[in-house]
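Okay, got some structures for you below.
Presented sequentially are two complexes of subunit A, the first with subunit B as partner and the second with subunit C.
Now for the complex of A and B:
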């Protein structure tokens, strides 16, 4: 299977099935950071060190058990900048890995698993699940971690735990994150008060799209900040508890908005649908805002006949890399806005 | 035929056929102001004077020639305020007549002719034509004037001409006006410079919709200011000359906008169509602006399958009186905005 397969579908097959609480939670991700004992860390790595990491992984591949999906390795140096950009847009690789010529990504066919090699850490193992599924994601990540550990010695300290390139990841090396669609809290202007409250309990909240702290399309990622001094189970329990509260707040906000705004909310949602179906030029920012409105409209029952999964896929397919890969050529900002509008018109027809 | 017939169709049958230059000129109107010799003018009229005017007209009706269409008389006092409001929205009566309990309107079935009785003058005879047709409108108005003159003596002064209630109408008593759709000149911001130039040659320009001088929906009425010291032929020639120039300026502006704005213009036009097809609440002002965009889109060839006449009819059917008459009940501003959006969605489906 070539890399093309991953570039022509905006939504991972693993995310297409509905997950738990997926009216609010778009997806769950567990990322484990691991480094190989005896191999220098990121900044001190030589070319042959990088090769050693890839070799270690390839050796493990020969002993892959049946309950770990087949994984295909792609070296960064074999991928064009545009292909790398698309992988970033799909969250399969980090912007950091995109720049590493000695790096590689290892993907499962359904995109449930993505392992980055020679990123900030030697191995960054990611597992994605639809909806809210921290335990499911963690179970598979542990299974893969166990398998790799059969042939690879991780750099590990009895007191600190897993050693990582950046000290903030040392400990469990685990970053658990939940991608949430919170249009109700944004529209009700309650998100500003909620973010510091979440941060106070040691979690991070950031907008997934858009620059800086302004979240475009109402999509936020909530993840654990601390990986040291707590067990994986405690981290996941803490995160899950907060996420459940945010889900409830979001659902209440949606209902309250429906009752208090009434036709004004319906009007806003349908105008967004009209714009997506008719505009000839759409910026990324506007498209995300309007997609968010329309997705809210689907969940509130205003809009029928449009699937939430189809809309979620559009979140990715309207991004600059994806648009240009689909067009088969480089597009300037104006041409991208036109291509984006065309894609949305056709997708939502 | 009852008044209902006139209230359920927004566009006059007389205007449904395409007229000359109707990509820019929506309609032409000639209005002749006449007063009956020996009957006191407006402010000095008694009830019996008003009755005498109606009687004189009814007497003339018995001698109507074949080339004047059948005319039906409706007394204001028999019409509800809402019905009167609809007639004003259709330009069949003036806001002034609406308030006159002793007034009446006389209409031809196709609404090409509307005679107001006991408005500011005893008789205000109006003829409407589609597109630019000053000579056609004038010919019919003269024909009706001649017919009425067979049984009625008009108040006439050999030096001044026809006497009228307000001195500004004295002379020919004629007001010729052309209703023009000028979205190109508005969008190109050339209308501001054009209006004073037109006023300098003795013509009046005013927005047809909206308050004050701000024309909503890009519709302007150009009419003669002076009725004294010029013959009817000179007035019409002068007006027609200017209107032809405005038509050319408007067409050039549209082409220039198409070339200079390109996709941005197409985008604006299609977004307006999307909003009209999807919004759940639309103010009169926004609806007119978006209808204007869409009509421009039809003329520029961007939008297919929508007829200009259908759009012109919507200009009237979205107005407050019409909406309430159609709904069969009084609607507050919020309910009207919803009814307007529903009507537009259904009409443009």
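Now for the complex of A and C:
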């Protein structure tokens, strides 16, 4: 399978099926950071060290068991900057890997698994699941880790656990993240109180789109901060406990808004739908805000005949890289806004 | 008041900087303030994880306990303690051993802990349990010798040798 397949579909097949609590949770991701014993870390690596990492992975590939999906390797240097940008927009690679000529990404054809090679750590393996599914995502990531470990010696310390390039990942090397759509909490202005509360219990919250605290489209990612001293199971339990509470708060906020705002909320949602259906130029920020409103409208039962799945796909296909890849040429900001409006018009007609 | 940098436009930005107890005042126009980077005193990546971390590690390195690490460098990759503080990153897996003593307060502050309790590589687990068995046998052997139970001690010694060979 060539890289084109991954670039022409905005939504990963692995995320198409609805998951648990998918009215609030968009997806779950587990990332394990691992390094190969005896190979210097990122900042001290030579070209031949980077090649050794790719080689070690390719060797493991020849002994892949049946319960690990088939994986295809793409070297960064073979991918154009635009292709890399699309992979970033799909969260399949990090912005960091995008800059690494000696890096590579390994993908399963349904995009459930993405392994980054020669990023900040030699191996960063990621598993994505739809909705809230921390245990399912961890089970597969740990299985892949076991398989790789059969042929690769991980840098591991009996006291400190998995040795990573940065001390923030030492120990389990695990970052578990849950991507949540929280328009209710944003609109009810309760998100400002929620974020510091979550940060107090060893978790972090950040907006997925847009810089800083301004989370465009109400999409937030909650993940664990601590990787040392707690087992993987404990970390996942803590995160799940908090996420469940946020889900409940979000659902309550949505109901509360529906009751207290009534027609004003309905009006806002349909104005957003109108904008997406008829506008001639839309910035990324506005499009995300409007899509978020419309998705909320679908969940509240105001809008019928539009699927959440279709909206989730639009979430990605309106990103700058994806728009340009689809257009087959580079577009300046003005042209992108027009292409974005056209795409939304056609999709929502 | 005119901008003290260009002396042409009116100063609309007034800064008071206190560095090491030294107070300095600056009066700049918007243009010069932007040029000097004073308008946004924090650079864009000021809150990046590495930046924050390196700031924290620098603070810790000022403590007497950490100063013993100042002249250390990793025998495997040449990474120095200074490199570790500057980048808040390790050069290789051996750096963990080189800077072990200096790392403890860092891990405590970052994670509230300095001991891994999670997953262990499967092959590592075997190694780990063998090593633990060897240590237990050694203790037992010492005790038997102290008790002058030489026959049992000899048996234990053979067991120990066999295990050590495997490990």
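Everything below uses one rule, namely that the second predicted complex is superposed on the first by the 349 of 349 C-alpha atoms of A that agree within 3 Å, B and C clash if a C-alpha of one lies under 4 Å from a C-alpha of the other, contacts with A are read in each partner's own complex, and residues count from 1 in each chain.
Following the convention adopted for this analysis, contacts are C-beta pairs under 8 Å (C-beta built on N, C-alpha and C of every residue); 3 or more make two chains touch, one makes a residue touch a chain.
What you see is a predicted model; the values in this text were computed from it and never measured.
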{"item": "Partner chain(s) touched by A:245 [first = subunit B, second = subunit C, both, neither]", "value": "neither"}
{"item": "Touched partner set for A:260, first subunit B, second subunit C, both or neither", "value": "neither"}
{"item": "Which superposed partner A:142 touches (first subunit B, second subunit C, both, neither)", "value": "second"}
{"item": "Partner contacting more residues of subunit A (subunit B vs subunit C)", "value": "C"}
{"item": "Touching partner for A:80 - first (subunit B), second (subunit C), both, neither", "value": "neither"}
{"item": "Which of subunit B and subunit C A:159 touches, first, second, both or neither", "value": "second"}
{"item": "Partner chain in contact with A:226 - subunit B first, subunit C second, else both or neither", "value": "second"}
{"item": "Touching both subunit B and subunit C, residues of subunit A", "value": "none"}
{"item": "Touching residues on subunit C, where the partner in the complex is subunit A", "value": "49-50, 53, 76-79, 87-93, 95-97, 103, 106-107, 110-124, 128"}
{"item": "Residues of subunit B touching subunit A in the complex", "value": "263-264, 266-267, 270-271, 273-275, 277-281, 334, 338, 341"}
{"item": "Residues of subunit A that touch subunit C when the two form their complex", "value": "35, 37-44, 142, 145-146, 149, 153-168, 170-172, 174, 202, 226-232, 235"}
